[in-house]
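Have a look at this one before I ask anything.
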Amino acid sequence: MSGPLLKDSYELAVVGAGPAGMAAATQAAELGIETVVFDEQAMPGGQIYRSMNETPLRDPAILGEAYWRGAALVEAFQRSAAQYVPQATVWTVSREGEIGVSVGGAVRLLRAKRVVLATGALERPFPIGGWTLPGVMTAGAAQILLKSAAMVGSGRVVLAGTGPLLWLLAAQYLRAGGALTAILETTPRGNLGRALAHLPGFLASGYLREGFALLGEVRRRANLVRSVIALRAGGGDRLTDVTYRTAGGLEVTLRADILLLHQGVVPNLNLAVAIGCKHVWNEVQLCFVPVLDAWGQSSVETVAIAGDGGGIAGAVAAEARGHLAALDAACRLGSIDAAARDRLAATHVGALREAQRGRRFLDRLFRPAKRFRLARGRTLVCRCEEVTARQVRDAAALERIGPNQLKAFLRCGMGPCQGRLCGLTVTEMLADAHGVSPDDIGYYRLRPPVKPITVGELASLPKSEADIAAVERS
Amino acid sequence: MTAEFDVAVIGGGLVGAALAWGIAREHQRVVVLDEGDVAHRASRANFALIWVQSKGLGMPDYAAWTKRSSDAWQGLAQELKQTTGIDVAFSRPGGFTLALSEAELESRARLLQRLHNQPNMVRYPYEMLDRDALLKVLPQIGPEVVGASYCPLDGQCNSLRLLYALHVGMRQLGAEYRANHVVHAIDYHNGVFFLRNSSTAVRAEKVVLAAGIGNARLAPMVGLKAPVRPQRGQVVVTERVEKFLDHPLVTIRQTDEGTVMLGDSQEEVGLDDSVGLGVASAIAGRAVRMFPLLNSLNVVRTWAGLRVMTQDGFPIYDESSSRPGAFLATCHSGVTLAAVHALVVAPMIAAGSLVADLDVFSARRFDVQTAA
Amino acid sequence: MFRRLPDAAVTLVTIAVDGLAVSARAGETVAAALLAAGFGAFRTTPASGSSRGPYCMMGVCFDCLVAVDGVGSRQACLVQVREGMRIETQRGRRPVGP
């Protein structure tokens, strides 16, 4: 990996090169802010615009119009003066803006006056029986394989869950020539009624046309099962079948080679939590979101959060928030005054409002059912440490514990994923068991490294005399 | 008003839970009053060593107390396994303290010599090993390791499972547990203690202060003193790897799950339990010098904990004379001492008073020092 | 389990997976290459020996861990294939090197 060397300090560091990160970096660089962007992937785009420049998919119609909006964004980003560091994992950010990054197998510490976290979203956990079997993946995983490797599932592919991405992936798959054995929809029946109040906003947004077209396309070509209330993956060493039950009482077992699960996305907040940014529970979106002002400023002075990491609102909103975070950073760094910031922000504030308008309807329409957010029996809650739902319930029945005491008792959340696939499940199961809100329960306490680094890499970091003295005593 | 409980234990960590389990085992009605989910909780942050090797310099009674606990540990582990089904992975293969230079090795040898030469020091075996002897037992040590001290009494356990087992066990024995119950005040009327939080008061005939750092605030409420301070220690934990280390070292051990824990550090930073990268780096660096194979392993987490430290590093066990029935227990070796806490101190508390042997651990010893 | 779409223009590289020569497309991730070659499971877990394969394909789940050129526990979905790369599936606990 070539490119200019990393400096010891920057004015602005952006973590993540998805729409929010790219927009923030491009905007900041435009204003003359010395900016560096770190991203884990090999090329910009994040997940939503994955493999934008190099997708091996030759037919643009497969991925749909919205995808190609990213092309302009990537182009502007690559032309900008921001220093882009791909295949870099940021494993720590301190409150004072010290950043630990691992790139090319070596770790570096550097400083930034301000940090914009644009770490995006990840799939909500979907803890059903057998969800750890090889062959069970997320819809997002299938989309990544489609975009970046031009691959579709072979054999019998079942798609299950709820949410706009479910329909998008189904449509993309079918357009690409992939086959879908069944789409098992878990959207709760009552959702539409609850969502209707927000219909006007949705109708006025761009989502409607897109959404209906997709739905129509998919319905015509796939076997759609609605009102699924139970779901289980079966198999020994790998997935062989999927069993579902509908609200109408129908129970069916399908042979399956691949099961793609999706019930929405949630903020990827590990870095923000480890830094100490305050988060609160959002009862509509059923996840923790950071507490932010209108510019994305978090409760930690040096840190702003842009994009889905600040609350799920989609790619277009993410772009707008990226601009806003960069404008505010520029103002705080003294490059522009507040009046200039506000003036430059106006168009993005408008775009953000537009983009957010349709979300309220979608959030409620596709709000996942509790039965699929809580797990039961032998279903694994913590995939890394293989802790079952039963073990979690037993501990919760023993005493009124929180997620950190639970972690201590059962190792739940102690694996390398650091709770990304179990944190929300645990918080909701404990809230349910104790009869309190998830806000009262809280979340795992996280510490660096938020992604693993080696012992050798850790040992290579700078140490003060005091640090050494604290360890080499006697 | 009468008491609802025989004993209220303030603190649900390793000290409080071990005592509560032991007291409930003596058929007394116990309630444990604990803090919330995010609290300092030294018990979640320890190395899980059951360590005898170098303890008691300056207080031979502590060495004896430690050895006594180590000898009783297997019994505790077995009983917990039988009653709760939880295996706390106790093993006592003997432990090492490695030296990375001749100076370190000599300094260690001298320390242990002084320790064992103390009058009234309990006798137990230990050896100094040179590199050749060490290689036979620990073939993967790095080239800088010159030797080690070894003691066959040193052991380890899974301390998180120990805490869970004590919690499960004490509930089985009828103890009650209340989380989010920080005690603001302790009143005493007609032989009954009233432990007040913001909304209620729990009434007990006896109270045990086992609240770690919190003991400093609570002790004066029962006419006692707990001069303790927080001392930060950090640990680095790796992914699970093939078993390569059966013996605990004072700064490196491989858990029964296969993860490798690297420690240890001492910093006086008040109540700051955040992780300092420089110290974590120093821990990692020293560990790699001891076992080069650690170099490529992934660090999956780091954490910091606050030890509950007294001036001399030894425990405090006390009972109040102005408030009979009030007891205090604090130490920074809650894992090692879990056995004596559960099986020796707890019955004393159940019976109503500590025996004279424990006087040496009273906080009054600090007054004597100040006076002298 | 997964197949490549016919309209993909490719530059091929050869990698070794548990000693077997496997064809992969330049620029794709090890995880994608393994899935295309029919490897559904990449490892067995240290705790229970259960088979695991990729779940998220974006570096979050840590289920796609393989050894790459002798270095264990690499996330296959974050590593790009290169000519001659040696991949080994990981059984249970990561082996400890010399």
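Structural remarks
Order as written gives the chain letters A, B and C; numbering starts at 1 within each chain.
What we mean here is this: a residue touches a chain if its C-beta (ideal position, glycine included) is under 8 Å from a C-beta of that chain, and two chains touch if they have at least 3 such contacts.
Worth saying up front: this structure is predicted, and the values here are computed from it rather than measured.
The most centrally placed chain, judged by C-alpha centroids, is A. The interface with the greater count of contacting C-beta pairs, when A-C is set against B-C, is A-C.
With centres taken as mean Cα positions, chain B sits 40 Å from chain A.
Averaging C-alpha coordinates per chain places the centre of chain A 23 Å away from that of chain C. Here the CA centre of chain B is 43 Å from the CA centre of chain C.
Multi-chain contact residues of chain C (touching two or more other chains): 47, 73. In chain A, the residues touching two or more other chains are 415-416, 452. Under the contact definition stated at the top, the residues of chain B that touch 2 or more other chains are 239, 257, 296-298.
Residue ranges of chain B in contact with chain C, taken from their complex: 239-244, 257-258, 293, 296-298.
The touching residues of chain B, counted against chain A in their complex, run 36-38, 43-44, 104, 107-108, 111, 160-161, 163-164, 167-168, 171, 177-180, 236, 238-239, 257, 262, 264-267, 274-288, 294-304. By the touch criterion given at the top, residues 92, 100, 109, 395, 398-405, 408-411, 414-416, 418, 441-442, 445, 447-449, 452-464, 466-468, 470-474 of chain A touch chain B in their complex. Looking at the complex, you find that chain A touches chain C at residues 40-42, 47, 54, 56-59, 87, 122-123, 132-138, 140-141, 144-145, 148-155, 176-177, 237-238, 257-258, 268, 383-386, 415-417, 420-421, 451-452. Interface residues of chain C, counted against chain B in their complex, comprise 46-47, 71-73, 92-98.
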